[in-house]
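Before I ask anything, let me first share the structure, which is written out below as structure tokens.
We call the chains A, B, C, D, E and F, going by the order they appear; numbering starts again at 1 in every chain.
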Amino acid sequence: MLETDFKYIIDTFFTLFSITLIIFMVPGFAMLEAGLVRTKNVSAVLTINIMIYAVASLAFLLIGYKIAFGSLDSTTSSMWAVIMFQMAFVGKSINIVSGGVSERVRIIPLSIFTFIMGAFIYPTVVNFSWGADMLRDTFLDIKMYDLAGSSVIHSTGGWALLAALLIVGSRRGRYQERGVKVIPASNIPLVVLGAFLLWIGWFGFNGGSVGSISSVESADLVAKTIINTNTAGLCGAIIAGVIMYIRYKLFDITMILNGALGGLVAVTAAANLYDMYTPILVGFIGGGLVVFAVPLFDKLKLDDPVGALSVHLVNGIWGTLAAGIFIPSISLMAQLKGIVLIGVFTFSVSYIVLFIINKFFKFRADDEAQLMGMDINECGVEAYPEFKRAI
Amino acid sequence: MLETDFKYIIDTFFTLFSITLIIFMVPGFAMLEAGLVRTKNVSAVLTINIMIYAVASLAFLLIGYKIAFGSLDSTTSSMWAVIMFQMAFVGKSINIVSGGVSERVRIIPLSIFTFIMGAFIYPTVVNFSWGADMLRDTFLDIKMYDLAGSSVIHSTGGWALLAALLIVGSRRGRYQERGVKVIPASNIPLVVLGAFLLWIGWFGFNGGSVGSISSVESADLVAKTIINTNTAGLCGAIIAGVIMYIRYKLFDITMILNGALGGLVAVTAAANLYDMYTPILVGFIGGGLVVFAVPLFDKLKLDDPVGALSVHLVNGIWGTLAAGIFIPSISLMAQLKGIVLIGVFTFSVSYIVLFIINKFFKFRADDEAQLMGMDINECGVEAYPEFKRAI
Amino acid sequence: MLETDFKYIIDTFFTLFSITLIIFMVPGFAMLEAGLVRTKNVSAVLTINIMIYAVASLAFLLIGYKIAFGSLDSTTSSMWAVIMFQMAFVGKSINIVSGGVSERVRIIPLSIFTFIMGAFIYPTVVNFSWGADMLRDTFLDIKMYDLAGSSVIHSTGGWALLAALLIVGSRRGRYQERGVKVIPASNIPLVVLGAFLLWIGWFGFNGGSVGSISSVESADLVAKTIINTNTAGLCGAIIAGVIMYIRYKLFDITMILNGALGGLVAVTAAANLYDMYTPILVGFIGGGLVVFAVPLFDKLKLDDPVGALSVHLVNGIWGTLAAGIFIPSISLMAQLKGIVLIGVFTFSVSYIVLFIINKFFKFRADDEAQLMGMDINECGVEAYPEFKRAI
Amino acid sequence: MKRVEAVIKPFKLEDVKDALAEIGITGMTVSEVKGYGRQKGHSELYRGAEYVVDFLPKIKMEIVVDDENVEQVIKTIVEAARTGKIGDGKIFVSDIEKIIRIRTGETDSEAI
Amino acid sequence: MKRVEAVIKPFKLEDVKDALAEIGITGMTVSEVKGYGRQKGHSELYRGAEYVVDFLPKIKMEIVVDDENVEQVIKTIVEAARTGKIGDGKIFVSDIEKIIRIRTGETDSEAI
Amino acid sequence: MKRVEAVIKPFKLEDVKDALAEIGITGMTVSEVKGYGRQKGHSELYRGAEYVVDFLPKIKMEIVVDDENVEQVIKTIVEAARTGKIGDGKIFVSDIEKIIRIRTGETDSEAI
């Protein structure tokens, strides 16, 4: 057998393995968000998660893929595997948006935005940074290093969410005169399950982004990427737990999980390049940032029920910078330029698109609908109809 | 290293990967069904799911495998992997039956039927269509193309369910004079989780059925099979959502998920042969069929709490036909013949077996037992004892 | 390409595959335990599961790995994959401890013990049995065969749990004058989900422990290991169901799942060496032992809410012995010696460590805290705040 | 005005509600309660230990009516809720001194 | 002593509680109930079949007070709970003969 | 006939039920309620914000008895439910005019 054939086979198989892990993130996001919102909004949040996977993936397959990469070809592993691998990413960035505006967003306008983001906005960002690169040789060319998308996926989702929060506004009754009304998560086991499905999916996300496992060097790289990814998650969880305990003598499990996810986002930009110990630092800082960012965004009245801004935007930025700080061959300036350009582009385009959609289909459910719950108003199906609601 | 050795190793590994994904369908079916039934029947439904996996798999290992395939040997990949791959399929067809008769079926008679179906009925169907083929050279020889079992697994399960519904009857109070009593799902997050575990399991189901990944061509085929499988699922979900919204201005999430599963069933017969776009059509039609079939079966007073007939029987048939319609090299007549023969065989044999078992052990729990719930009567363990039940 | 390169690549990939499956056991244990405890203790149990994964893994990476194996090198597959594979094991043995003392254990002292067990106790046991073997050439040298840790993981966890139960004591109100107070599981679907995530994880646990898949023989061995593992699980479930039905005419689903897990633990010592039929016997006995052990431990007032002693300690011992009984080349005496040495070492060291920690930080929450629930006292976050608690 | 309280078997709720609607009663407040009485609970099994569930699920209906309707309401409930088996439940009648409809401020009979 | 029972819309609980606290009422017992009345339930959709959810979630507050406070309590509740839309709920007043505080054994007005 | 209503701490339910059974009371209706009173709620933490849970879980028992048994029932409940700590709960006694046993149609004392 030819060596190239061997490589083709192995890398196709490995890509399929990675895809599978990444698609576990679909129920991962769904469970995480279903657990974090109130019971009256659970069916709606889940419907949105399914809708995003379906609409964004199809939009990317039919339109976005070509915008991002120009052509469908691949010689080193099966084209179908490569397309599907890229397709598996697109929903993630939109999930970040939908999570942050949950409990008041309506499904129809969000579906329209999902289509536009999956077909155009996200593919354009990919084009700039990983793909065909239409900006090459202009002064806007992005030379940022970003293995698996600290910026391209996570900040992009975060910036779009920021735009969405400005358009959609906060949940009914969240910011009152007497202060912020605390709205606790309704189902903690689902939050944990979702977070770990995301965590495991991340191995495919980052490991698969190495692109090949079919040489001794790349096999090493993939394995190192995965162990480093995991380490940053571990440390994000630990630091969030430690900070919470020091301040409150209590372990807030949702914050610990957000800390872990923050660490995972942060390490994503360069998990393949760090040695075994750097991800510890990257994760500690990432988890710490989450703990401080969550109450901060509440002070700014950016109402984000799942902590998506803190996890994805803040740590997407931190992770992209960290690559420039800890890896000598990566220019911190190039990283910074990438962060800023992606931020400006995504935020402004998303804002305009959201603004226009909002003229025709209001994103925000009115107060009465929010009071009854999005499930009854948008889905007609309650999530837990037989379970009696407590006061 | 010899090329045959290389292929043996890779294909064994790939089969193990596929097996793992398929076995995720065990909790997949379990969560889906646990979420769709009422809280008082959840432990019983889950017990049945575990029982099916245990009894059907053991029956197949000890008896059924030889009926289906004649011998245990395999030269192109490890015999153990091949046996286990086939074993992983058997429970699925019985799960289709158990899902459709849940909330009133008793465990003992169902266990007996599970044994007979796992040891004899399903293996015989496999023998006809994929296996040793005892009908070869008779006028009954089945020449149908069915990659991963639109007919062999899904219609087979569906026909057996139809027989079971005639024997078991509907749930207490379901069809009343004033019309159908709506019995909503009790736990939507579980339904979503289960549906996505099934969805991901399907990658192993269909991808693994290609049989080999160890050449460039077969690697391409496997990857194409998986992306096509996914596409049909996406489109099944989308169309179900669109139809529901047009008719009711509401997104019924359980119907959307059933639509997705319908698309997945439909594409299963020939996911490896379609180009990238045909699965879109196959999935749209599959998902659409589900939306119309669910209320239709209710009109026929076939009480199927999880929509198994609509998903598996209707789309098993549609998928098998679709292969004949869209793939020139597949004869539509051969497909039709396969559908009819499998239907006649499975339905009549299942009916007789169920009828006889029912003489000795009634399948249907009496009304009082259904009123208290199957959990207390069959398991002694309530699913959610600390959660207060709403009116 | 060199054959050694090919093997390196394949075995690295295979190890990464196994790691992923094993890490599914993290949510597996978490869901299992969250489902088995009362609603008021669910967040605490989940927090402990996350803490264990984070603390034990980091402790093992930084300290324990070198104690166990001496050096970080690996020539046959990527060092990073090998390290992570070993890291994935460590949390499991501590999970056994935490599960058994749940609903009254406090998080801070348990975290300290987790660190010590992950950094020192477990690595030392590994050193004796699988690793650098500091006892070699002494009369204490352990020559036991233990493929994937019936003793090294499961009994070790079980012995440490026994020590912990003596220190921590039983849950408030569990053993009363009028007898044992039954405390039912609060969420059966989570128990089922958790058990199946563990089950599937076990394929990586045992299959991965074969160490290589890159020759025809080892591919066969891996496949056989996985099918045998599965068979023992099936039979553990079946026998538990049969015994329960014979005695009570009811199918206690939690016992059936414990039976399955018991079978899985038992086959772990030598799943690669058995023929296709021996695991049936090993699993039947394993599952049967669980059914009898659970009430027995209650008679001894060892209050173990999740059945960890019956599943892991009893079957860890049984599985290690079974290897000696059924495999001619394995000495039953060597197995016995290994069991006793590991037991004496782990129990006594754990007892001393737990005793000292307990002087400074009480493991057991006081009665009032247990009454309110560990969630409010330790986490500040209730697991299901919107769900009304039944009487 | 009187308050008629009925503790009934849960699956009878629909029937009783419909029967009351037929005699023109359209206001009521319902809650889930647990009953303890002559009807004995079932035994459950958990991990090899059997135990008895003492408290049985019941539905409590509260209907506030004018004095002249009390007898008819009682009769209707008894008929619709009776299965003849132990545990069918009880009806308690007590006095209500005053009623106010929050929306309009109407009181007593007008507020029912 | 009187028992004032108010059936109100769930999201008004917080407001009513605060309003009562302001007039010095600090003891009450609250439960979730389902109400059936003029306010009609919403319809839900499940698998292609629409159906009406008859019973609406309500909160029942029970406040036991001395006779002289009854009017003020009623007034406070009405003001705080009113939205003006159908389904705002009702207040029922009935007589209480005796009160005992379990902790101290105090009775009647002292036990409130 | 009288209705004795006791609002108690949830974990005392079993003790009170047993104590009542000992004095021959075998019928009662129980529900979960939330109490607001002198006993203050605990504070919880969520994502860096602390907040107080005002309403505490309590159990309400309703026991309808003949007039002559009222005192004994009260005494029994007080003894079994008392912990001496704030929040032990209250007992309210009110009048019941009529009782009907649905199964048999028996009324008043015969129906208890």
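Convention: a residue touches a chain if its C-beta (ideal position, glycine included) is under 8 Å from a C-beta of that chain, and two chains touch if they have at least 3 such contacts.
Worth saying up front: this structure is predicted, and the values here are computed from it rather than measured.
Between the contact lists of chain A and chain F, the overlap consists of C, E.
Common neighbours of chain D and chain E (chains touching each): B, F. For the self-contact between chain D and chain F, the two sides draw on mostly distinct residue numbers; the shared fraction is below half. Mean C-alpha position of chain B lies 44 Å from that of chain D. As a whole-number value, the distance joining the C-alpha centres of chain A and chain C reads 33 Å. Spacing of chain B relative to chain E, judged by their CA centroids, is 50 angstrom. For chain B, residues touching at least two other chains, in rising order: 6, 10, 13, 17, 184-185, 187, 193, 248, 250, 252, 254, 379-382, 384, 387-391. Within chain D, contacts with two or more other chains are made by residues 30-32, 34, 44-46, 50, 55, 94-95.
Of all possible chain pairs, those that touch are A-B, A-C, A-E, A-F, B-C, B-D, B-E, C-D, C-F, D-E, D-F, E-F. Chain contact summary for the complex, chain D toward chain E: residues 3, 17, 26-31, 64, 94-103, 105, 111.
The touching residues of chain F, when paired with chain A in their complex, are 34, 44-51, 55. Touching chain D in their complex are the following residues of chain E: 2, 6-8, 31-38, 54-55, 58, 60, 74, 77-78, 81-95.
Of all residues in chain D, only 10-11, 13, 30-32, 42-46, 50, 57, 59 touch chain B in the complex they form. Across the complex, chain E is touched by residues 371-372, 376, 379-382, 388-391 of chain A.
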